[in-house]
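I've put the structures underneath this note.
The same subunit A turns up in both complexes below, where it pairs with subunit B and then with subunit C.
Entry: the complex of A and B
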């Protein structure tokens, strides 16, 4: 792992059990490997895209990286604050604290909390988390709370300009935002934490073309201004061509191909196997 | 007379609110139907009894020791029973049934150690304050002040601290919480501690007034759950509102009919709510698709 690599995925295997009907017509559990052998490098300060058909295990791989699943074999190492850290077997919340942010494909926001609170919860300062901390040190707590709010408002202003809907609706429940706005809020929130690597699971699914353009803009801003590394799953090929520096094609449990987006998407095999053209 | 019953209702309502809030704190965030919570409510007065009546400590000290021991019991339940089950991904029903199991075991242990009969903490007749035609005992005054104080502090806590924000976030989505660096099980320890404090304070204050037996927990828990449903599941202000409504209605039913009608009134209210406003007073209708 050299200095340009932030995430090194090394021969990850993951199996699940599925129910099949065997030759004698009886139900039987069969173990199969969804991820056969995944090797992948994510370069620092770049956008890496992962494409592949539905059910090939892209989200499973993300879940293994962020600690919700354990891999059967293999290891993942992450470059956190200048040190190599093995992610295998670490709890999800610790992985988040190491600097890996994650956005889910759906339910990416806390519906019943206000827009501002959605931002505050992601703050990288954990002061006030213990139940009595905020009462015992209420002065420090007040200052930190104020800083958090300013930080959130600054992020909104930076990303969406001065008169944006998020600032106007900051005290309303987040579920009152439109679906596209919720997605943008989910992305903006990732700036609250002190993350190095962001895992985005289909950032453009189900939103209108205007929001897709905005998401493109945000991703470029994240990489160029905030020096973040982005690893994303995507089905929108135009989006991949526009934002990604590298692209990997996943098929039958392995990374079948890797390279620049133009090469991968232009490759006849990929076009046949995945795009159907 | 009406006013007297109204005041009595508000006082007992504040206790219902407190106990119901403790239950809601666990239920809303972890989805554990924490029936063993009834045991915590019953357990605290017995510890007070041991330290105050048997060992002769001052009441306040005995109360504080009892709260601490109740917290420990609550944490033992979480760490030994709930946490392993939830890490295994057991369904909510399995967790609830194990909770019933714990409840039965602890109730029987207490009954074995202290006996089945009603015990009292306060041997004297409580002194009273008189305002015109209204009479309030000092015990009632203490019940109202202590529980309202805890309720107000908790609500402010929930609104203004990071812990509060995380608690409300856990209610929405626990997985998303851990993505932002919260240790769910540490949060749960804090929540079980707080809920044990509410149960213990409620139980202790009521037992000081009317005494206790090993079976007082369940009726109280039922009232707390009804308060939670009436107020609206999923919000933390809701059980407080529900608790006061139930307290006042029960007290007024004593005034209008007789004490035997208390439970009938409570559960009629529950049925009405489940039929006509299942989301509760403060709840919002969910989008179903």
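Entry: the complex of A and C
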């Protein structure tokens, strides 16, 4: 792992059990490897895309990186604040604190909390979140809360300009936002944490072309202004061509191919296996 | 009694409304609080403040015993674990005759001693004391709900996965919620024991646990006024029925029917309860 690599995925294997009907017509549990052997490097300060058919295990790989699943074999190391950290077997919340932010495919914002609260809760300072901390040290707590609010409003203003819907609706429940707006809120929320690497699971799924353009803009802003590294799963090939520096094609449990987005998407095998053209 | 129930429902709201943890073990904790209070008052002869601290800490610590293993379970399994806790505690209180006097109960619980020789006895001083406690608890929970801690609990309630993805320790937050809520429930046990001056295990059985939960659900969860409305409602309703002039045997049954109907109707028409904010799903 050299200095340009932020995430090193080394021979990850993950199996699941599926229930099948065997040749004798009886139910049988069969273990199969969804991820056969995944090797992948994510370069620091770049956008790396992961493409592949449905059910090939892209999201599973993300879940292993963020600690929601344990891999059967293999290891993942992450460059966290200048130190190499082994991610295998660490709890999901600890991995987030090491500097890996995650956005889920279906938004997963806090629906019953206000737009502003959605931002505040994602702050990288945890002060006041133990039961009586905020009452006992109310002065420190008030200062930190004020800083949090300013930080959140500044992020909204920077990302979406003054007078944007998020600032206007900051005290409304997040479920009142449209789906596309919720997606953007999910992206903005990532800036509240002190992350180095963002894992984005299909950022453009289910949103309209205008929001897709906005997400493109945000990703460029994240990489160029905030010096973040982005690792994303995507099915929208034009989007990948526009934002990604590197692209990996996943198929049958391995990374079948890696290179520039143009090479991969232009490759006849990928086109045949995945795009069907 | 209203004040006792306000403390019970307000504390339970931290679990049910803020963290979406349905606990059937609240009456057990209430009972633990009451029996610990008796221990402090009758065996150790403590005055009010040390008793209070003793009860809060004792109930919190005992709740940790159930919180730690059961909060690793999800949803329905957590409810079952708290149900188990409720039944175990009741059985212990009922059968450990040498300590709790079992079904005979403990009579003659002394009045609370504020400090020196100021003894709180009689209805009015007691009402004042319990009101102070209830208001104190309401203020503390108001602060807690609107603190970063309350926000983190709401995040856990809304989406555990996301809460973990932004670096929040979901299990630790749930344990905190459970322990804090239990500590305050202990206070209502203390108030109850000294108010009625006689306790026996049947005051803290499963019916009582369901009753507390019903009060919270009827009143509504997720904010501060919901549980208060719920407590007032369940305590005042029997008095109202008595006022209407129904014979006791009818009134008691009618009350149960009204609670049941209220919950069904509210679930259908107003899942956030009479004055709550969060709709239970």
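In this section, the second predicted complex is superposed on the first by the 276 of 277 C-alpha atoms of A that agree within 3 Å, B and C clash if a C-alpha of one lies under 4 Å from a C-alpha of the other, contacts with A are read in each partner's own complex, and residues count from 1 in each chain.
The rule is simple: a residue touches a chain if its C-beta (ideal position, glycine included) is under 8 Å from a C-beta of that chain, and two chains touch if they have at least 3 such contacts.
Every value quoted in this text rests on a predicted model; they were computed, and no experiment measured them.
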Touched partner set for A:34, first subunit B, second subunit C, both or neither = neither
Does the superposition put A:113 against subunit B (first), subunit C (second), both, or neither?
-> both
May I ask you to decide whether A:169 touches subunit B, subunit C, both, or neither, giving the answer as first, second, both or neither?
-> neither
Counting only touches as set out at the top, which of subunit B and subunit C does A:104 meet: first, second, both, neither?
-> both
Name the residues of subunit A shared by its contacts with subunit B and its contacts with subunit C.
-> 66, 68, 91-94, 96-97, 101-102, 104, 108-113, 117, 120-122, 124, 126-131, 133-135, 141, 145, 193
Contacts from subunit C onto subunit A in the complex sit at residues 140, 143-144, 147-149, 151-152, 154-155, 157-159, 161-170, 173, 176, 180, 222, 278
Subunit A - residues contacting subunit C, complex = 66-68, 91-94, 96-97, 101-102, 104, 108-113, 117, 120-122, 124, 126-135, 141, 145, 189, 192-193
Mind listing the subunit B positions that touch subunit A in their complex?
-> 153, 157, 160-166, 168-169, 171-173, 175-184, 190, 193-194, 234
So, in the complex, the side of subunit A touching subunit B is made of residues 66, 68, 91-94, 96-97, 101-102, 104, 107-113, 117, 120-124, 126-131, 133-135, 141, 145, 193
